[in-house]
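Which chain is which? They are A, B, C and D, in the order written, and residues in each are numbered from 1.
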Amino acid sequence: MSFTARSQEEMAKAIAKDIPEGWYVNLGIGQPTQIANFLPTDKDFFLHSENGLLGMGPAPIEIEEDEDLINAGKQYVTLLRGGSYFHHADSFAMMRGGHIDLCVLGAYQVAENGDLANWSTGKKGAIPAVGGAMDLAVGAKKVYVMMTHQTRKGDPKIVKNLTFPVTGLKCIDRIYTEYATIDVTPDGLKVIDMVEGMTIDDLQAMTEAPIKLG
Amino acid sequence: MIDKTSQSLQQAISHIKDGDTVMIGGFGNAGQPSQLIDALIEHGAKNLTIISNNAGNGYHGLAALLKAGQVDKMICSFPRQSDSYVFDELYLAGKIELELVPQGNLACRIQAAGSGLGAIFTPTGYGTLLAEDKETREIDGKNYVLEYPLKANVALIKAYKGDRWGNLVYRKTGRNFGPIMAMAADLTIAQVNETVLLGDLDPEHIITPGIFVQHVVEV
Amino acid sequence: MSFTARSQEEMAKAIAKDIPEGWYVNLGIGQPTQIANFLPTDKDFFLHSENGLLGMGPAPIEIEEDEDLINAGKQYVTLLRGGSYFHHADSFAMMRGGHIDLCVLGAYQVAENGDLANWSTGKKGAIPAVGGAMDLAVGAKKVYVMMTHQTRKGDPKIVKNLTFPVTGLKCIDRIYTEYATIDVTPDGLKVIDMVEGMTIDDLQAMTEAPIKLG
Amino acid sequence: MIDKTSQSLQQAISHIKDGDTVMIGGFGNAGQPSQLIDALIEHGAKNLTIISNNAGNGYHGLAALLKAGQVDKMICSFPRQSDSYVFDELYLAGKIELELVPQGNLACRIQAAGSGLGAIFTPTGYGTLLAEDKETREIDGKNYVLEYPLKANVALIKAYKGDRWGNLVYRKTGRNFGPIMAMAADLTIAQVNETVLLGDLDPEHIITPGIFVQHVVEV
């Protein structure tokens, strides 16, 4: 039987569906940002952006773009009624103090014990930049990863041990890829969802770390 | 729809369990969540550790909570006052434990807890009895004491206005410990003079964002 | 020749005269509070109270007393135009971060090296309380003491070594008493002012630690 | 009468000396004190250490300051951006030193400096290259890295409104690093969109009390 990868949009939808109403959520720069588009608008979700706002709303129409109202990805955003502004120390206190329920991040690699690599490819001579990546990895109550299952070259990204520089140790709770949703547990990686037609053997073939059905 | 406002003090306070650590806001009467304290007395939770700047005045509020025998330990900066009759009696009778913390360390340790820090080197108290047996370190020619975060299961605070997302503003020096205690507790209950509609608090003026608050009760 | 002690009011006046316009000043509970009454009203002085206000004004008339507007001594106060409110952590950051220019405190004892004792008499069985005393002692750029020269029993309060429990080490810059103003310097205690008719020998007789004219 | 407002950017900036450490507020363009940076370029102070979240975009603002050769070292969290041409070139040529700091640690270290702490144990960065050779400690089952305060001689920040006592309010996410940098520098210069009369800023809404600000310049 054959299987088809889910689209980025479908991944975003799947993650959005897993977020309970009332959670405080930080969506990392890049792919995770899309998740916001699929949160039901008749319920209250609290989006945090680490540059200093809570209750982030969708992008404004062009004429209402405001240089002073941006998200951590430096995109124009809006603020919902009930939202608030605060300075960077308070904003990272929300993150590092364990007040954010969920953070969804992109990743280069996730190890079977939940170690995360997403800030540096470790290439010699590259110019480093870290931003809030390491804070987001260690601070939230739950940290999910949204990423492609393999690299463009076909190398596995869910690995036994990181080969890229560490962002945070044992910090990832769940991984969403175009093929599957996988929980990181004390007993190893457990597949809780796969695209239709895929078998655990199909998935294991693309995954360096051992996985089992959860 | 998320609505953190509650009609019932008792319902809000029902989350407190025997043995909990409870932060109580206020400096003198300013910012003291009197109705929440009364509800806690009615609730009857025992063996509490209380973190608050003072240890009660007269026979009301925190003093009444102590009098009711619900508190095993006080963590505070200024227990002894001209009218701290209840605390004084319990303390001299050996019926209550006291951890005395300089006021700035109290504030800073609470903020450190809310901010996820593991410990801080603070300048206050170095060379004094209150730093006895504590780790110290000289950094850049100045001496510091290592102090640990102060967390709580529940924080009881008083604010001026609040909305259904838990956003709060305070009134004058009633602000005192409210914003930092809200950050440092698993569960924060705010009594407010007025609940307002979502959006009525200017996002630039909100002092405690709703993320730090679980229940808002108008009294 | 005989000499007369200056009154508390005269001491407060003397200290007020030594405060330059524009300084941020914390006046400790008790005697130092009076200093505010003698700061010239046509100049800007910024009074800080550690319970969370800056730009503290005089006591209100009774009808305007506000339970939510008190100072660190729990007295009713007012706020000047341009004043502000903040929480306790920010307030003590002002103090401990070295932003306050001057703090004036009462004292039980000051040692010749500037050690301060003002929070506990060390009596067995006494109920302790410290409040902001230790923060005020170590935080401000300059810390002055305003106190009687001797105890009621006639014991010296300016001593070689503290016998009372320490509030802060080497933290006092200047001492004002009813007889003299004394600077704490690396070269020892230097008398910079004495009441009329008093000699250095008169003053030394009341002072345990060695003093000299500055 | 104390009046911290100034008509002249150049006069305000003249306090900066060669070799100074200068904090520059802003996250992206929000809250970036562009006119103060331009004045610093005109002023010409050299061998500066700059503490700022980014390391400049395009060829204006902070990028222009780097291009002018005035900066020896950057302390920041996110230097590499799609348009960080100037920094990239200097860095790859070995002409500028970089201390890379996770953004939360950057904020927290700045706040620690402003608050008079000697050092802090922070959870961020543990086990990573950015904590190499740093002291670590396990506290309550969690691992922390010891980080030191970040102070500056001068902070250049942007606010929305300011008064003659130096009180400031900000605008939306332009607030970012302004309030904490103001606390951590010996001298803070704020460019504001508008200077207002003393008393026009509500004491409940002031975000940076004037004690942290030495100069306010309307641009």
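One rule holds in what follows: a residue touches a chain if its C-beta (ideal position, glycine included) is under 8 Å from a C-beta of that chain, and two chains touch if they have at least 3 such contacts.
In UniProt terms the chains read A, C = 3-oxoadipate CoA-transferase subunit B; B, D = 3-oxoadipate CoA-transferase subunit A.
Keep in mind the model is a prediction, meaning the values are calculated, not measured.
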Comparing B-C against A-B, which pair counts more contacting C-beta pairs? B-C
Based only on mean CA positions, could you tell me how far chain A sits from chain B in angstrom? 34
Chain A and chain D have mean C-alpha positions lying a whole-number Å distance apart equal to 29
Can you give the whole-Å distance between the Cα centres of chain B and chain D? 32
Shared interface positions of chain A, touching two or more other chains: 79, 85-86, 89, 92, 95-96, 139
Where chain B touches two or more other chains simultaneously, the residues are 108, 111, 115-117, 122-123, 170-172, 203-204
For the protein chains shown, what form does their contact graph take: line, ring, star, complete or other? other
So, with touch as defined above, which chain pairs make the list? A-B, A-D, B-C, B-D, C-D
Please give the residue numbers of chain A that touch chain B in the complex, ascending. 21-22, 24, 43-44, 46, 48, 54-55, 79, 81-86, 89-90, 92-100, 139
Show which residues of chain A lie in contact with chain D when the two form their complex. 49-53, 66-71, 74, 79, 85-89, 91-92, 95-96, 120, 125-135, 138-139, 165-169
Complex contact set, residues of chain B against chain C: 27-31, 77-81, 84, 87-88, 91-92, 98, 100-108, 110-111, 122-130, 143, 170-180, 207
In the complex, chain D residues that touch chain B: 108, 112, 115-123, 137, 139-140, 142, 144, 148, 169-172, 202, 204-205
State the interface residues of chain B toward chain A in the complex, per the touch definition above. 1-2, 111, 113-117, 163-165, 167, 183, 198-199, 201, 203-204, 206, 209-212
